[in-house]
Structure formats: C-alpha cells, structure tokens
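Should a chain be cited, it is by its letter among A, B, C and D, assigned in written order, with residues numbered from 1 in that chain.
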C-alpha cells in the first residue's frame, strides 16, 4: 500500500493537474458555459500561446528579445493560406509543409541575425518583420496585397472537420498542451541549461563547451517553427488573413505577453497570452479609453512585477519554503529536489 | 509540487475567463430594434470612428422621432480599431451577446472581407462603406455597401481625363486596398483608352514627406496627375503638390484626386493648397443640391464642423435600413433583405441608391472642383 | 617525466600597446599542479584566457595532448578536456543550482541537444557529486538560489562543477581569493582529488603558503614574461622573483618565513 | 535636377531623423536600452507646441521658452513613470516593455486630449525657397540650422562641461557613479529632460510640415535605423547614420516606390551583418 501512497505523494502535482485539465477540457467548450465570442477569444489566446511558447525558448531561456515572431507567423499563415486556397491542399499537409519551410528559412535568418549582439539583434529582428510585412502587402499577384486571402478551409482531417469554435478549442487544447510539454522538456534538457548559461554569461558558457552562436541560432529556429505553426493555426482559425496582424507592433504584444505572464515559466507564458488576449476584450466597454488603459496597464504591471505573474508566484513560494525550512529542525546534507 | 501549482493556476485562469461574459439575449420582435455599429473608435484610424458616429447619431435621432414599426432603434457600438482581428472579435462579441436585427460595418475593405464569412452565415442585413472590387464580386446576398466600387470610381476618373483630352498621366496611390485596386483600374482604363501612363508610384503608410514623389511626377513631364489616398495622407499630398508648383502657379497641370481629397478633413488641413484640385467623389461637404445641402447644414449646426463622407454614408446606411424595415413591415432579416433587393431609387444624402445585382448600391458620383477651399460640383456621373 | 598534457610554446599577446604575453613557454604534465604566480597585472589571467581560447594569440602555439589547438574556438577546447574556473564565480543566477552543475556533466557526457531532449540521461552525477561535496565539507539546500550561497561556497562549487566535467587539464584562477584558512584546505583536498583522477592543473594563486605547499613546479610571470620557472624551493631563492615582487633592496626571501603569512 | 531635389529632401529628412536619434542615443547611453516610445514623445512635442501656439496663443519666443520648460517636465515625468521604478531590475527587457506600454498609452492620450482630427500648424517662415525647378521649404532650413545648433550644444555639453562628464559617468556605470557621490537620480533625469527637449523641438519643427497627428510617431522607425546604422549609443554615429538613412530613403525611390522602406531595412541588416556594431560602434571585447 505504501508504495502506491509514495507514488501518489511523489507526483501529487501532476495528478491534480491532469484532473483539472480533463475537467476544463469537458466543461469549457460547450454552449452553456461559454458563448461563441468568449470561445473565439480563448482560441486566439491559445494560438498566441503557441507563438509565445517559441519566445519562452529564445527569450525566457536564451535571453534574446526578438521581434521576429510576427514576421514568422505571417510567413506561416500566408503559406498555409496559399497552399490551401491556390493549390487546394488539405489543411494538415499545408500546415506541416509551411512549418517545415519556415523553419529552414529561420535557420538562414538565425545564422545572419545572430552575428549581432543584444540591442543590435533586437533591432535587426524589427527590420526582419518590417521586411516581411512590406513584401506581403506589395506582392499583389501572390498574396492579394492588403485585401488578403478569403475562404481558407477549416482545420480538419478528411471529413472530421472543426465546424465551430468549440471544436477548434478541443483541437487547440491538445496543441497548447503539447507545446507546453515540449517547452518544459526543452527547459529540463541540455539545450535549456545551455541557453541559461548563454543568457547569463556567454564567456563562461563558451568555456563549458557551449557554442553560444550555434545555441542561439537553434533557439531562433525553434521560435521560428513555433511561430510559423501558430501562424498556420491563425489562418485556419480566422479563415481570412491580411498582412495587418503580422506587423511590428503585434510582435511587441507577444513580448508583453511573455513578460507579463512570467518569463521564466511556460505556465506564465500561457497565462500571459490568455490574459493579454482577454484584456482588450474585457475593457472594450471603455471604448475610446480602452487602449489608454491597456498601455498604462502594461507600464504598471511591469513596475509591480518585473518578472511577471509567475515571477511573483515563484518568489512567494520560495519565501514560503524558506519559512518551512526554518521550523524544520534536522536537515539532511543533500535533499533530492523534485 | 512546483509544476502542480502552475497548472492549477493556469486552469483557474481559463475558468475565470470563461465564467464571465456570456450576457443574456433578449427576445426579438418586441423591445428595441438592435443594430450593431462596428468602426474604428480607437487606434490610428479613430478619426473615422468619430465622423461615422456623429453621422449615424443624426440618423438615429431622426428615425427615433416616429420609430420604426412602432419600435425604437438602439445602436450598439463596438470598437474594431480598423483592424481585421479586432473587427472579427467585435463582430463575434456583438453577435453572441445581442439579438441583432442588422449590422453596420466600417469603410475598411479588409475588415469587411474578414467578417464576410459570418455575415453569410447569419443572414442579417449588413451595411458597410467599403469600395473594394472584392466586395463588389462577393456573392453574399445580405451584404450592401453605400459606395460605388473602386472600379466605378476609377472608371469616372478615366472618363473625366478622356473628356478633358489629357495625354500623359502620372499616378500616385496609397499602399492599402483602396489605393492598389483603384490605381489598377485607372491604369487599365487609361491604357485601354490609349492614354499614356508615364509614372505609377505607390507611397508607404508611414510616409510624411511627399516631395520626392511629386518631384518624380514633375520629371515625368505629365499633363495630368492622379492621386489616390485616404484622408490621412491626402492633405499632405496637396501641400507637396502646391509647393512644387504642380497644382497652382503658371505651369500647373490638372490634378485629380479620389473622394478623400475633397473631404472636409483634408481641405481643412491643406487650406489654400487644396485649390484647383478636381475630385471624383460620392460626397462633398459643399454640394448645393437637395437633400444633401440641408443635411450638411444640420450636421454643421449640431457638431460645429462640416461632415465627412463617412458620416454621410453611415447616415444613409441607417436610414436605408429603417426604410427597408418599414416597407417589409417586419424586422425579419429575410424580408428586410428582400425589401433592400427590391429598392430601385432611394434618394439618400450621398447619392441615389438602387440594388443592381452586386452589394454596391450607390448609382451616382460627382466630379467636383475646389475653388478657394470650397468644392463645386461640375457634373454628375451615373453608373453605366 | 609523465606525459605532457598542455604545452604553451612562445606565445605572444598584446592589447594595443600593452604587452600581456611575450615569448611565454610552459608545460603541464599529467598529475602535476603547475603554479602560475606574479604581481597583479602580470598577465596571468590573460594567459589562462589564451589557453582556454577566449582571446586569440598574436603569435606562438598551444598544444593539448600533442595536438595544436591554437586555432580552435573555446567550446571545442573545453569539449576536448580543458576545464576552467573564473576569478569571480560565473553562475546563471536564474537557473537552479542543479542546472548550473548539470551543465558541467553535460560537457563530460558529450551529449547533443537532440539526444538530451529525447531523454538520453547522462551518467548519474549525484553519487560523484556527493563525494566531492563531502571533501568540500559544506552542506546546502537544493532549493536555494545560487547567488544566495556564501562566496566561499560558490568558489568551491565552481571548482566542483569544473571537476564534474572530468577535464584532462583544469585551469584554476585564484581559488583561494577571499576564502578562510579552513576553506583553503578544502581547495587543497579538491585539487589533490583532481590529481588522483589523472588531471594536470594550472593554478593561479596569490597566497604563497598555498602555492608553495601544493605546486610541483611554478612559473613566475612579470609584465607578460616568464622570469623564472622551477620547483617551489628554487623559486623562493630566485633573486629576480624577489625583485619582481618586493622591488630592489633589503628584505631577502632567503628566510622564507615572513613572506609567507 | 530630379537627383538634386532628392538629395536635398534626403538631407533635410536625414536631419530630422538625426534630431530624434540624438534624443534616443542619450537615453540609450544613460540607460542602455531602446526607448520604443520615442516616436510618441516626438509627436507629443508637436501637440504641446500646437497647444502653446494656438490654445494659449503665445508669441514665438514665448513658445520657445515655455516649450523647453514643458518638455523638461514631460521628460522627467516620463522617466519617473517608465524607467525609475525599474532601474534595479536585473533584466533590461522589462524597461523595454514598459516603454512599449508607454507608446500605446501616449498615442491614445494625445487622441483623447486633442481629438483624432489632424491639426495644422504654421511654419516659422511660410513659403518655399526656389532655385531652378528644385525647391525647399524654409522650414527645412530651420530644421537644419536649429538641428545643427542643438547637436553642437549637446556635443559641447557632453565633451567639455562637468555636467557632461557626470552624465557620461552615470551612463557608463550607475553603480560606481553612486559610489563616488554622483546623485545619479539627478543625472539620469537631466539626460531624459535633454532628450525630451531634443525630440520636442523636433516635433515643433516637423509639425507644420507633416500635420500634427498621431501618425507622426512612425518617423521614429527611421531614426532608430539611423542610430543603429551609425553605431549604438554613439552621438556622432547617430547623426551620420540618420543622414545616410535619409539619402537611402530618397534615392531608393529611383529603383522602386512600393519597396522603399524594405530597401532601408535591407541595407541596415546587410551593414549590421558585415559590421555587427554599426559604422562607428567600436568592438568592445568582454573581459573574462
């Protein structure tokens, strides 16, 4: 009996998590609980989370602030839209092919951009996104220019197609969960640790066998792949795209999402993307003042919790554990942490 | 333990989101007639939201004096910021939170095209002010626009140039949907008419300084300059043209603009630089023909400034909707759509409207000429 | 004469006008602690940086296990087996202590990012880590943030991390700076443990007592030049070394005692 | 003749970008992070001067004197709201994000206070300077003169005066500056005030040319590009970089008009890839 008890005791957290997640999966996506509008906002939040998960790797772990997310999303969205509308491909193969070619493209861009350091890199990534936006707006024959592309098919395999936002939620739920687990896996693997070293002091990292340049390029490629995947999902979800959402100021929103959520934790990125998609909708009733409050809100939140919501939670937990330590008398030399 | 807490927190977040915000839906047929208005009330294009709100409020006041079918009309404003994602979000919110009878959208074609899929699904009569050719080609039967398509507007520009007997034309157009589609129509029309297009330039959204573009137009040795832009840039183009001696002075040439050039906001900013410009427009604040002139006076008295085309279009949209509901005798969407399809000659403030098989209802346009900051109507161009 | 692990052959380095290394020659053999001493600014740390590849040499070569590594980047040299610590400990404050140490073992396991992502576990480092911690003689709590550990413990942890990656040559930069006597003895034990594992160690240190008692032979650097080389005894009586340290006249090093403490 | 006109427009626009980039470089040197709300500060300057000239209808010299005072106050207020609470955060990115928030807030604040309809402003001297078919608006001459004067002033301030030394010390290492007794709060505040005065004057000069509207802020992107091209945090580099960007933007029109901005960014990225620290930026090797 105690073996099962120790099993439960050991990963109590994962069990609670699994139970709560299954509850969410079955309760949330039906008409009674949530109307179509809120469902759409949550879906958008999950799609943005996929892109922000990429930022978790490059900014959260690697410490490189990049504005290229919107550009990569634009490439992903337009290649899916063109493959499905012009070439008549099914959504899934189109999604896979566009993620593939954008990943290869970001290898090339990563190699070029990471010759630069710090603010130079950030600014070059702004240039990158603006370049892509200008091409998308002006290449009339291919992208249809500012009028965009209509009638992108719904996400689905064969006849199993997502009819409404509730079906989309069920698919996006698993996609978001998969991205969450992948990013957590990276964080625990050698790549995560290497990125941590590169973020905090590149010289020390070089002396510990970490090729800083190559590691940063890998993180850029991962971020590119996530962003392209999110772009494809955005196209299949909105079913109409134009160049406007893939501009520089949308990239800024993604940075705000991860910084507010908590730059050191993937859960924080999820909270950040849901919160920042939900906030403008929630303060919609303020009409003319909504974006003013939105901007001031970002400043206040950055001042109150520079490390984001999860930063606050971690500090709180860290202090709480310290207190627990104090009143515990004996201390084993090295206690194996979870 | 660390992982558990973050997952739980995440789920509460989703729950928190879901629980709030599914408002109740009142039953249809009694109560007020609910019409949603989605436009850019914040962000870079907020100037349009302001003009359209003022225009539609005027119409609301007039309609609610005697009501429609004995019921009052209620407008529900939602902010789309002139961007597609926000506009689709606003549309979804208003559709799922209210029992609507009709929807009125803004003048940005990409916004209208973004929500077109939902408009087709719910069948509500939907007005917009977009003029893109893609809207004209749309097969959504319950979508209407108070504008002529860019093809129409472009056509009247070409007709005017042919009539003036000009030979070499230089074109400068904006990078957005209006600029690109209307620009293309004008270029095709001119080449078909055998008139030489000496230069076709497109400026960038962030551009503030147009001196170089105008310099290239001067260097192209053209005898006619066509400019297509939104109101945000039209004033600056007129100022640059005046400085270069293109529109005024001894070797000035004919300068023709699209509707934005003759709107109140551009003339007000360009001041004397707007003189001597021609424009093909659906609306101009100094038209002397009834019923437009008295409406303009009423707008000026209420708001202390002259109306923009957006305000006039929004006014017409609401009035036409109310008229259609009156003729149909019900607010049932299918019947209202039928009434709108049957409409042949409705005299609005902007133009006379009639259903011609495409969403584009407007049947006429004016060619105006600006003299000491007033636009005088030269001729009316009817849709062929 | 044991196998020569590291050989520096007439290496030159100058930053603009400042010459930090002039015709430097040095050899480190297996199982030997090679001291590197000299007044402040003599170019000791720069020499370490040249060996580990952070700076490129202006002239001369560096051989590691007979192979010319002069042109190789720092991460390849460290993968081949040149471990390193820094004057002030370099950890990533936001990662946990466990991650900071694991990076050392990853280097040893020669793991690729992809293989580590798909769950290939490197050799279990806990057993070996506990052994080294016993030598270092202090305990700490895994959930602690690495920057909150006392300075001395951080220095010892950095040496442990370098040792975890089983380098063939370990470059140790002033391990005892700021440590109390008891911690200095811990450093000696750690270095001896390293020798048992067959490492060659280059030790930069200012406390003479430590250097004289631990090093097998010493090179003295002054303004980038090796002015003396030999066993600790020879170095103590070498006239040039005294001048370099104490200037020209009176106090002699012969007594040897009063200089040490 | 066309190329002469393009050259003149290139220089005059370059000067305007340089004026903005100067303010930006000061903040980057003092704080070490990009100030993304700089375009909006420039726009705020235009709106404030419009208010001074038309709402309070002050004479020209009155506008200049009050303008500088108002800009200084705004600069200090901006610093205390965006930078000061975050000065000790271990991560510079937090300051960048709060400037992003500030840029959204400022753009809306301006539209609420002064309305969304663009306002017109009369230039200092109306009219256009003609020689042959090439023409130049007088306002641009003022931009070049006043811009040049301000740049010289800032150069003297930083290189020659004591206050300049203090500000440079604070910029290089705030911690050590505090140790040797420099009141860094005053020094950084001074940097922000000077930066706001510079961009406010830029707004005042550009207002009459490009109408006072919330889209004025979009000029900042080119100023950013100029500063990064010239070398990060280097005042001389920023000026040369901006003039180069102005010329590239002007002469880029010969090749294509739709992709003009794309060319500016493409050139920037190519230059950065070839010389990762910009033209004048010196290569700072990290000490081990």
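Note that a contact is a pair of C-beta atoms (placed from the backbone, for glycine too) under 8 Å apart; a residue touches a chain by one contact, two chains touch by 3 or more.
For clarity, every value in this text was computed on a predicted model and none was experimentally measured.
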Chain closest to the middle, measuring from C-alpha centroids that were averaged per chain: A
Tell me which of B-D and A-B has more C-beta pairs in contact. A-B
Averaging each chain's C-alpha atoms to get its centre, pick out the one most distant from subunit B. C
Report, in whole Å, the distance between the mean C-alpha point of subunit A and the mean C-alpha point of subunit B. 36
Rounded to the nearest Å, the gap between Cα centres of subunit B and subunit C is 73
Taking each chain's mean CA coordinate, subunit A and subunit C are separated, in whole Å, by 42
Residues of subunit D touching at least two other chains: 107-108, 111, 221, 258, 261, 288
Residue numbers of subunit C (touch at least two other chains): 54, 86, 93
At which residue positions does subunit A touch at least two other chains? 134, 138, 203, 288, 291
Any idea which subunit B residues touch subunit A in the complex? 1-11, 13-15, 17-22, 41-43, 46, 77-79, 81, 83-86, 88-90, 92-93, 95-97, 109-110, 113-114, 116-117, 132, 134, 175-177, 180-181, 202, 204
How about subunit A: which of its residues touch subunit B in the complex? 12-14, 16-17, 20-21, 23-24, 28, 33-38, 40-42, 44-45, 134, 137-138, 140, 145-148, 150-151, 184, 238-242, 244-245, 265-268, 270-271, 274-275, 278, 280-282, 284, 287-288, 290-291, 310, 313, 317, 338
Mind pulling up the subunit B residues that touch subunit D in the complex? 42, 44, 46-47, 49-50, 175, 201-206, 208-209, 211-213, 215-216, 218-219, 232, 235-236, 243-245, 265, 268-269, 271
Residue numbers of subunit D touching subunit B in their complex, please. 1-2, 5-6, 9, 13, 107-108, 111, 115-120, 128, 133, 135, 137, 206, 209-211, 213-216, 218-219, 221, 250, 253, 257-258, 260-261
Note which residues of subunit A are touching subunit D in the complex, please. 59, 65, 112-113, 115-117, 119-120, 122-124, 126-128, 130-131, 134-135, 138, 202-203, 248, 252, 255-256, 259, 263, 288-289, 291-292, 294-299, 302-303, 306-307
